[in-house]
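Here's a structure for you.
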Amino acid sequence: MDNSLVLLLLLTPFVGFLFNVFLGKKAGKGISGALGTLAVVVSFAMSVYFFMQLNASGKPIAIKLLDWIQIGNLKVDFGILLDQLSLLWLLFVTGIGSLIHLYSISYMHDDENMHKFFAYLNLFVFFMITLVVGSNLLVMFIGWEGVGLCSYLLIGFWHKNQEYNDAAKKAFIMNRIGDLGFLIGIFILASLFSTLNFVEMKQALSAGNTNTALYSIAALCLFIGATGKSAQLPLYTWLPDAMAGPTPVSALIHAATMVTAGIFMITRMNFLFDVTPEVQNIIAIVGAITALVAASIGLFQNDIKKVLAYSTVSQLGLMFLALGLGAYNVAVFHVITHAFFKACLFLGSGSVIHALHGEQDMRKMGGLRKAMPITFATMLISTLAIAGIFPFAGFWSKDEILMVAFEHNKGLWIMGSIASIMTAFYMFRLMYLTFFRDFRGTEEQKHHLHESPSLITWPLIILAALATFGGLINLPGSNWLNHFLEPILARKHEEHALGSQEYMLMGIALTGAIIGIGWAYSKYIKEGFVPKQDSEIVGFSKTIYHKYYVDEFYMSLILKPLNALSNFFRTTLEPALGNIVYGLGTVANGLGNQGKKVQTGSIGLYLFAFVIGVLALVSYLFLGQ
Amino acid sequence: MNVSLILLILLLGALATFLSGDKFASKVALFFSLVALGCSSVLVNHFLGGVDINVNNPWILQPHVSFALKADGLSLAMVLLTVSLTPLIILTGFGNHFEKSKNFYALVLFMAFAMTGTFLAADGLLYYIFWELALIPIYFIALIWGNGDADERKKAVVKFFIYTLGGSLFMLIAFAYLYINAGSFLLEDLYKLNLTATEQTWIFFAFFLAYAIKIPIIPFHTWQAKVYQKAPTIGTMLLSGIMLKMGLYSVIRWQLPIAPLAAKMYMPTLIGLSIAGVIYGSIVALRQKDLKKLLAYSSLAHVGLIAAGCYTLTADGLSGAVSQMIAHGFVIVGLFFAAEVIFRRFGTYKIEDLGGIRPQASKFTSMFMILVLASVALPGTFNFVGEFTVLYSLSQVNIWFAIFGGTTIILGAYYMLKMFQNVMLGETNTKVFADVTINETIVFVILIAFLLFYGLYPKPIVDLVNPSITEILKTINR
Amino acid sequence: MDNILNQIGIENYIFLSILLFCIGVFGVLYRRNAIIVFMSIEIMLNAVNLLFVAFSTYHQDPKGQVFVFFSMTVAAAEVAVGLAILVSVFRNIGSVDISNLKNLKG
Amino acid sequence: MITLIAITALGVFCLIAEIFNLRKALVPVTVLGLLGILGSTLNLYSLGELSSDYNTMIFADNYAKTYSSLFILLTVFLVAMSHDVYKEHQTKISDYVAIKVFLLAGAVAMVSFANLSMYFLGIETLSIALYTLAGSSRLDIKSNEAGMKYFLMGSFASGFILFGICLIYGTFGTFDLKEISEFSGALDKAIWFSIGVSLITIGMLFKIAAVPFHFWAPDVYEGSPSLVTATMSTLAKVVAFAALYKLLAAMNLFPTIQFQNIIVTVSILSMTVGNIMALRQENVKRMLAFSGISHAGFMLMTVLSIANAASNLCYYTYAYALAGMAAFAVIIAVTKNKDNENISHFNGLGRSNPLLAAVLTAALLSMAGIPIFAGFFAKFNLFTQTIQAGYLVVVIAGVINSIISVGYYFKLILAMYTKETQETTQNIPFVYYAVGVISILINLVIGMHPNVITDLLN
Amino acid sequence: MAPVLIIFYVLAAITLASAFLTIYSRNPIHSAIYLVICMVSIMGHYLLFNAQFLALVQLIVYAGAIMVLFLFTIMLMNLNKEDEVHKPRITRLGAITVLVLLSTVLLLLFRHSKPFFGDYAPIEGDFQSIKKLGTVLLDNKDGFMVPFEFTSVLLLVAMIGAVLLSKKEKQTK
């Protein structure tokens, strides 16, 4: 029974994918979208079912479907593990997935390839589920690469635009860099444990026999994998570019679900990271720096989705900070709340873009508050949540991260806090530029301004609600989430008693957020400042506006040399190597040409050669004796 | 019933095709190749059922050469690869018009015959004969039915022929030497030889020269790209899909077990060289302007990885290499066929002249995409199984090998996706691109189905191959 | 009967033959007139014949002389054919200078 | 002995046939006659052997029989083609055929001699016949030149051979091969004898066209009428080699290190010079001449393991001669009415005449040593034996040369299959197809069953 | 010094000198005459060995037949003039060098080579009378009958060859 239900959970999106691929076009847009959505909803329902079951029994469900790869004594099978962590992820993946599918029905309705869009979305959900429920690293890796693929397909969904295709390619390749790390990590773990199954690895690790150096390398490799997928330094640059995809994609993949895969993986492997504190340190530092850098870039972006993208990177950085500090549950908490409000923000921005017929530049927006009240309201809630305003979900989760950071390292705490302040600033900058003051777009656009249809607004409303109340799952005091996750975490997480220090930190955080908001308010509402045209930006802000020239840096440090090398190989080395071979032939032919000159046709010469041959031969043979 | 039946069918098929006339040649060839496939499947069943399907008849008394065919799992896997790709390759030709097609298809079948023979032969000289025989048909296929400028083609093809022949002649010397010591060419007798390390080194490198050129391993690869580019696509498929595997198979079957000491001694060097080939091939592929050449260099990179797997001398490495050989065979045939499909419509392989095909041909795009993904070893495809296993085995030898070898998953993705983007995506092409025909679809679907099925369930192949790998390893570690 | 070699010595004959042979070789190399070249070859053959006879006496064996007989036959046959070729060459190019025969080369 | 007599009788018949105006029947009867002789040589049916009185002069052992069979076979082909080649020269055809048959007699004498006098007469008969044939196209300057060159150099070389024989006689006082063999095995190396053998070897190296005594070959091959070139390239070369091998095997001279070095050097030089020079040739006959030089180098390897290489040499000669014969059948057919034999005449042959192209291709592949053709086993056996004898250097040189040789063999193949022809197809008589196909088939058969030849020899 | 030796030296001198002059003289006719002298002197050597048969044959075949053939050809082609152009110096030098080298080498070789020298056995019995030679030549048991017969083939070939080379063809067509 459970087996088939698990398969139902896993395969319904895949069936939806197949349906949309083969029949989607014939079935028409309505049916295509509906079935696509239904497929995810079914998965969601199954997730809920299993969640209940788990809550009741407390026992994780492990299923082995079939054998897959066998290398020596390393056996890898298609196994499914439904435990607290995976179910939690399943819930919000399929849940938010369902909402976004719903949203997409309306959002993508004008696109001729809508069935494909749903096919890809379904496929994505399928791979995401695979990633989450896999019982071993390799199955997870299938999902891991699979979601990367879907991300590639969806970023490049509008494939006629080569820039989008470039973005898609970039995403895939950046991910692949991480994947190599992941794979190497897998190799090391496989050779250490002879298994890749999470449960078995955990047991093996706890059994002792610690080879810390190798563990550290493995953990580091896995973390490199995570930086690729979850857009951390130095591999984060693909995520902002990935905004080329349709907005629901950005919401689903590049905000709520896929980019959290890295956090999921590290949480999954927490038993490993717990024994490798130096890697944890690296994670924390990388996370903090990412949070800070991305937030600072976010300050100056004018593309509404780019702002959200950098915000995502920054928030992910915070989550990694928490992971690095061993506070897996806190990270997970923030993942969930972030999924809610970031999805809402993206969908809201999608709604705005939809209303403006594709305009994404905030400098050409403004004053949309009245035309789009629902969008405005939901986005405002989410913005408050992300800025960490009490009592929205983001407040609780972010606060916990900062609290943990404060406990461990004040420096990290300061970095996190600054990032939070920046977040509050640029998010409200976004809100102000988009919804307040006067509309700065064309008359034509102004004329068509309208609130989005209900299929778009309802998901927004639901998400806004979640963004408001999401914090409840792990309120200080109840700590439901912490308890729920306890079985999968190797090390017990000490409870925070709410003491004065905690309240003080909350206060500081809140104050910081309000400072950020106020700063934004004074600049954009009071002064009515509108960001300058690209060419007018100078100085340090120009550097930041250009994302610290990281892309250019990578371009000139890696890509250009690589291409130059390739050109060199192609145009110089290859022919040269080839010519070595040809050269032998040329030499032989040249000798032949020279030889032809010897063969003059003169009998006298021939006879001379003959006699000299005789002489040489006879003297060699007999004169020596 | 024994394995010589496959050879017989293919040879008869070649003859029948030759006699059938230009009109029916392709169909006759397809028929015979399918019969061979059926026959091989039956034989594999027999083999798995424990029936003896080997052949060993004395052939020449002086020197002592036997007509010995030995079918273990490894051989059968390679034979299956050959006989299942052959009908597909023939089927891909249905969309082309070949002048004197009876000769063409007869040569194709003859080549399949020779390659099958190479995979089955258990006698050194017999093996060598098949090995060389396989070279002749492809020479003519590439020469007569190839495309592009005739002079350049000639140059490339002749270079290929002379180069590979030259390499294999050194192998012949090695065989002569072995024969002098063993008094027989039989594989088992050669395995039993007790050669000194010096002797083994010489023999090892004589073999290596032959295989390094055939596989190819850098820097012996220079023939490859040009020939792939100039040969008709069917020839390219035969070359890249099957013929390269002759070299790799031979490494496992002949080179390593006959000269194990040398193999162990030079293992790091050889792995390093192979992996250098991986990186080099990938980097060269980055900026290729010709679709077929790009695929050729991708093949160079992939094959380098397989070779590295072979030279690890571990069960994992060998078994992964075999899986990857099969997977690569299928995927590269598919990719070259995709190139051919494009060529049929646009008449060019130049990447810069392509682009914007996707809006016009979604079926083709999807199938091409899957093949591209398979070639970059996305999990779920058979290529992943192979590549993972090989990389894993490399990591067991030295983690740096795995890291450098693993760059293929980055660079591979880079050049393949870049190629895909430039060839398929972008603004709709002004030229009309008709979507794939039924024949073409059949080929693609079979290839893709194979790759996906075994990607998820590689057990049958692995189970078929692994016992013989174990045997060979036992010989290596004797 | 006394052996004549007792008074002359086989080595003298060998030296004589060798010198004669070498003169023949020299002639072949030195002259470009085909007829003289033929003659030089005849001298070479004669040198060998002389040596044959000397050896025949040395071994007191008639076979050497029989062989000389054959060798003379061969010489005659060669000259016949050679001169026939020479005549046809002369008819075509009007000269018997072998250095004119350089059409075939390379 | 009976072979020799029968061949001579057949030659005389040819001469008489003209008197009785039987020109039409001449070629068929000769071919049939030769086939009959072939049968009796191979003991397919027994004519009974004449008394063994002549065994001191002619001794038909297996070695002689195997080679004689090859020679007869080659002559059958040559005579068969004569009919068409000389159809413009009806008045001379009987002379041509007769001279070829006598040439065969000389050839047979050269492999079945038991006395140096037979050897000498055989080689002279062969040579004189070839001088004549080379110059036989009397109005053609090239043919004249070829005849002249061949004659001058050939008789010069004969002088050395004669000198050599003389010195051997001087040492032992006998011409009998068996006695010489016994004496030379028993004695310390007498210097007369050694010099004598060396001089004979030099003479034979000239006949097989080994470097540095090879210069005549390309010129003569190119200048001679194609059929004669075929004779020289296949029959004459093989005969000379068989005789050289037989002589050296009997002389027991071999084990001195200097002599081995000489052979090694000459072998490597011949292979290399032959192949490298062949690369740049435009004339097919000239190219095959150089190819022949390189093959001579290969065959010289057998001398390095002279005690037991007879069967390998024999196999090699069969493979080489049959492939050469097939190639020449095509070359003669294609260049019949042309001024020269340039490669360009072969352009597009693959399309205009696939069968001939296939035969030529197969022949060239065999010469290049590609498997299933006899050339492969020939080379392989050679290599194996030479390695066994400890001359790896020669084998490696041989291998490198095999690679080079592919270069020019394939030049011809390329011309046939990739170039366009401008010439209209001409009607090619059946006999060329027959000769080409049959020789290639025999080549293939012995390629697949090498033991056919080795069994003959043992 | 024994008279025989003196005769030998004289004959040898004549032989070598005439041979050299054959080559050296410009006029082919002179060459031919010198060659005849050379042949005759060699005949003298044969007589010295008491090889009467060969001496006769030498006279008949060489001086008689072959030289006549030569002279005939020279006359036929009207070559009796000194029209040979001067050879390049390198040819002459080369030829002389080769002459010197070759004779030196060969002489050196044979100087040390006396494996069978010593006292020459006195001649016992007949080994070179015409009768004896006839027996050896035509005896079918141990004699040279087969080569003797084979020379006929050789001569036949030469004859056909000469005919073939000289025969004018009727112009067909």
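Chains here go by letter, A, B, C, D and E, matching the order in which they are written, and residues are numbered from 1 within each.
Convention: contacts are C-beta pairs under 8 Å (C-beta built on N, C-alpha and C of every residue); 3 or more make two chains touch, one makes a residue touch a chain.
Keep in mind that this is a model prediction, so the values were computed, not measured.
Chains making contact with subunit B as well as with subunit C: A, D.
When chain centres are defined as mean Cα coordinates, A lies farthest from subunit E. Just to note, of A-B and D-E, the chains joined by more C-beta pairs in contact are A-B.
If each chain is reduced to the average of its C-alpha atoms, the one that sits nearest the average of all protein C-alpha atoms is B. Most remote from subunit D, judged by the distance between CA-atom centroids, is A.
Distance between chain centres (mean CA atoms), subunit A to subunit E: 102 Å.
Once the centre of each chain is set as its mean CA position, subunit A and subunit D turn out to be 77 Å apart. Subunit C and subunit D have Cα centroids separated by 27 Å. Distance between chain centres (mean CA atoms), subunit C to subunit E: 5 Å. Shown for subunit B are the residues in touch with two or more other chains, namely 162. Contacts with at least two other chains are made by residues 21, 24-25, 28-29, 32, 58, 61, 63, 66, 70, 74, 77-78, 81, 84-86, 88, 98, 101, 103-106 of subunit C. Within subunit A, residues 585, 596, 599, 601, 603-604, 607-608, 611-612, 614, 618, 622 each touch two or more of the remaining chains. Annotation, chain-chain contacts: A-B, A-C, A-D, A-E, B-D, C-D, C-E, D-E (touch as defined at the top). The touching residues of subunit A, counted against subunit E in their complex, run 604, 608, 611-612, 614-615, 618-619, 622-623. Interface residues of subunit B, counted against subunit A in their complex, comprise 159, 162-163, 219, 221-223, 225-226, 280, 283-288, 314-316, 319-320, 356, 358-359, 362, 366, 373, 378-380, 385, 388-389, 391-393, 395-396, 399, 402-403, 406-407, 409-410, 413-414, 417-418, 421, 425-428, 456-459, 462. In the complex of the two chains, the subunit E residues touching subunit C come out as 2, 4-5, 8, 12, 15-16, 19-20, 22-23, 28, 31-32, 35, 38-39, 42, 45-46, 48-51, 53-54, 57-58, 61-62, 65-66, 69-70, 73-74, 76-77, 79, 84-85, 87, 91-92, 94-96, 98-99, 102-103, 106-107, 110-111, 114, 116-117, 119-124, 127-128, 132-133, 136-137, 144, 147-148, 151, 154-155, 157-159, 161-162, 165-166.
Interface residues of subunit B facing subunit D in the complex, by the touch rule stated above, are 60-63, 103, 125, 128-130, 132-133, 135-136, 140, 143-144, 150, 153-154, 158, 161-162, 165-166, 169-170, 172-173, 176-177, 179-180. Only residues 91, 94, 98, 101-102, 105-106, 108-109 of subunit E touch subunit A when the two sit together in their complex.
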